[in-house]
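Chains here go by letter, A, B, C and D, matching the order in which they are written, and residues are numbered from 1 within each.
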């Protein structure tokens, strides 16, 4: 059996579910998972399907082209189709913090992440030994405001060279350039160490401490042009109290950052996220 | 527009989704929500649909009978259809604890619960003044092991008289008889003050305290013949520590009991729960 | 035995704990709970003690005056002493939302809150029947920008008349005047329906929905001159997803508002909160 | 300045706090943290202190011996004193699961754990490459019922050789022998993949799935003779629903196991846990 994942996004319309499910049935496909969402205000429709096809006479490209002609064109669908085994290629951007890096590499080595970590890119050389320990190619790409264009070019070259599908910023402390964002629209995942939209920008734990909050958080989101303003994929929180120092906030926050980023990466790699209107639809 | 809810439960089979959604489309119905679940091990299929029909020529009974003939019989579906406005009638069973009672009556008065509280039945007279305060009929039905049959008869008579659809045990401290369970199979909701299956039976907070747990819980479940062994609808937890006495456990637990029971009642009244194999499917 | 609660706040200084605990021991008091906190950055010290004294020859006023002379004056302590049974008098301010009101009155009637609800004050007459149902005096005090001074005077007169110790704003939808804030500094508790500092001001659920957050929250805080900027007492959160409408956010939020406000009221009434530097120390 | 941690455990007695704090003050020590707990039912007293002493004329052994003579003997205290910098030596026992191992080694490498991982001992050779990657000594010690005595001897020899203070079972799938438990009483930490006391023993995720729970958990506890019955240090939970398969339970559970075990290790290494009556006092 061949298992595929279909993502559909279109204007809401009559009989859309029956039309799509009929199509699958007509191709002798068996739906094993279907989730859909209608945003009534925006009048948009989203669907995620997992289907099984008998492998006899199976041809993915034929299916895609048929799908486009028979279904997508008439209904004006935006769509993506993936085979189950297809692992997206990921690039990790890091600076000096190593806790998210260790966590991702540990999970990756344990076989928890359905993806391939193709390359680690950093604006510092500090974390190179960790990359080596896990046998992942590491590239040092200096990046500052002054050499932005040079840095961006090197990044883009590496992303091309390693045929990268999506990028994860694991506490990467530099701005991502508009060109990179445009090229990897909805494919760059950042972890911000606050409960957005509270405390965007620099030093959120310090701001949270000063404000005297009783709960801190972390937020994973797709990167857009606005700082920490992209579509949120996942958030989580931890309780704090007056006994906790800023150092405690940071330490508790590290656990949040690890977990929230790992969940977002997994959801993205499993093709469970869809973006619209600066929000995400996340099919669990 | 007329809005209806359809629940379907059957053996898993090919093209089941497209067959059902085609049927809705053929009746000019518009699906505004669809969620389904396949239990691959048990080979069973569950679906919950919300559909809108134009009210012109609308006839619920005709639809039901057509649905049965055209769809349910050939596919061997177990099904239920409700119109959106239809509020189920609920009976509240209480003893002496008043916190869940106050909570439910408060939510009910605030318009949060899509149901009608038709009657409160108790084996004590203590809570009668609360029922009166909220203008709900209150019946005192003594119940002990010795007068079990008499008590059960009085309960069944009242449930008939008030045309009760489902029963909520809001810390009711007596056994429910097998007759009552059989008559209201999957329609009696209990709140147990522990994180089941830990600490079933009497005095769970005392047992939790003795065991030194760091988290306590509450569980809402459908009542079956086995004590605290029925299908779980909802659970939640709260942190405790060595500083908390048994009295603190009980006080924190009251909040859990309130919240977990209220959520279960709401899910049930909204027809979002389905039961099989001593488990629940809960369509959020 | 007579049980008392002592709250102490002062500049951090050498041997402060031993000096205070010696004093208690010298008076034949037995410490049954002690919690302290040092803010090293601000160089301030906080302590909460629960002590038991034999009731023979017990005289609270004598103790207070001795405490002031022997301890507080030399060490420059700010302090409060309460006897255990002493219930603070609370005024409830409401507008039209009834869910927090029902919740507080239910808990109060169940004996969960160590306080006396002396009066309910509202700028609308809608909730009067609920107050009557629970036999709490209700006063309608119109309040708008135009009649602010008249409204404030009526409020202050009622607070004096009922000898109110602290005020709870249970979704009261009007500004509190600076005079009232000054008179009840750190004694007015508000519930805001967001995870502050995210989404202060009006319509936070709408803003949260628009931003696409995956978690919503509620915050209970002491009222200060800055809107939603006072010291935070308690916060909690609930998960949301793309399937939730704004109405779902509001409904889930009601549960948060109820729980968070109830916890803050209880903590305040038990004298477990201390305020400094726009933060709270909360001794659990 | 020299910083020390003092743990005290004794029968509850009059003026115990003032006596201890006076003693510290008399030695020119400055208390920077004090937390205490009285179990009124058991009549026992616990205290944890962090104190600073000027390093001039500082002598830890002199202090310990003076503390024993002046304080501990007369008051019949059980006590421990540690200097702040003193890192306990930890042995990791593993079998074939690598996710907790990766997590602990990652945190250790990031500098999050105030301890020294001296050795990894396993009854399989599978995880040896990971130990090598992080440059930690790895010893293969076969262990089955048949060669229990031989295995135990090898384990004890290694623990002696590496001067191990405490042992962490990171999903080690063999019984710990009574001799080892006795030698490391309250110093062997296990992670069990359920919310104890629910689902002790083998395959807890399978049992949880079968029971249809809505929340799963993990529990970290000190190992005693009774299987999964030792004093609980830390627990946490995650929500599940009908959509989750057993594989999902296991995957979500891995995150719980990692986090809960890491927290327990940290609390133990920071000397924040005390055990009595099969429970823990955990000073946060």
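Here is the rule we go by: contacts are C-beta pairs under 8 Å (C-beta built on N, C-alpha and C of every residue); 3 or more make two chains touch, one makes a residue touch a chain.
Predicted model, so just to flag it, every value in this text is computed and none were measured.
A.B. asks: Treat touching chains as neighbours: how many steps, at the fewest, connect subunit A to subunit C?
C.D. replies: Between subunit A and subunit C, the shortest chain-hopping route counts 1.
A.B. asks: To bring subunit A onto subunit B by a C-alpha fit, how many degrees must it turn, rounded to the nearest 5?
C.D. replies: Angle of rotation between the two copies: 180 degrees.
A.B. asks: From the C-alpha centre of subunit C to that of subunit D, how far is it in Å?
C.D. replies: One centre to the other, that is 38 Å.
A.B. asks: Pull out every residue in subunit B that's touching 2 or more other chains.
C.D. replies: 40, 243, 284
A.B. asks: Hey, which residues of subunit A end up touching subunit D in the complex?
C.D. replies: 98-99, 102-103, 105-107, 109-110, 112, 130, 133-134, 243, 251, 254-255, 259, 262, 284
A.B. asks: What does subunit A use to touch subunit C in their complex?
C.D. replies: So the residues of subunit A in touch with subunit C come to 37, 39-40, 195-199, 211-215, 217, 231-237, 241-243, 245, 277-282, 284.
A.B. asks: Give the list of subunit A residues in touch with subunit B in this complex.
C.D. replies: Interface residues on subunit A, with respect to subunit B: 14-15, 17-18, 21-22, 24-25, 30-36, 38, 40.
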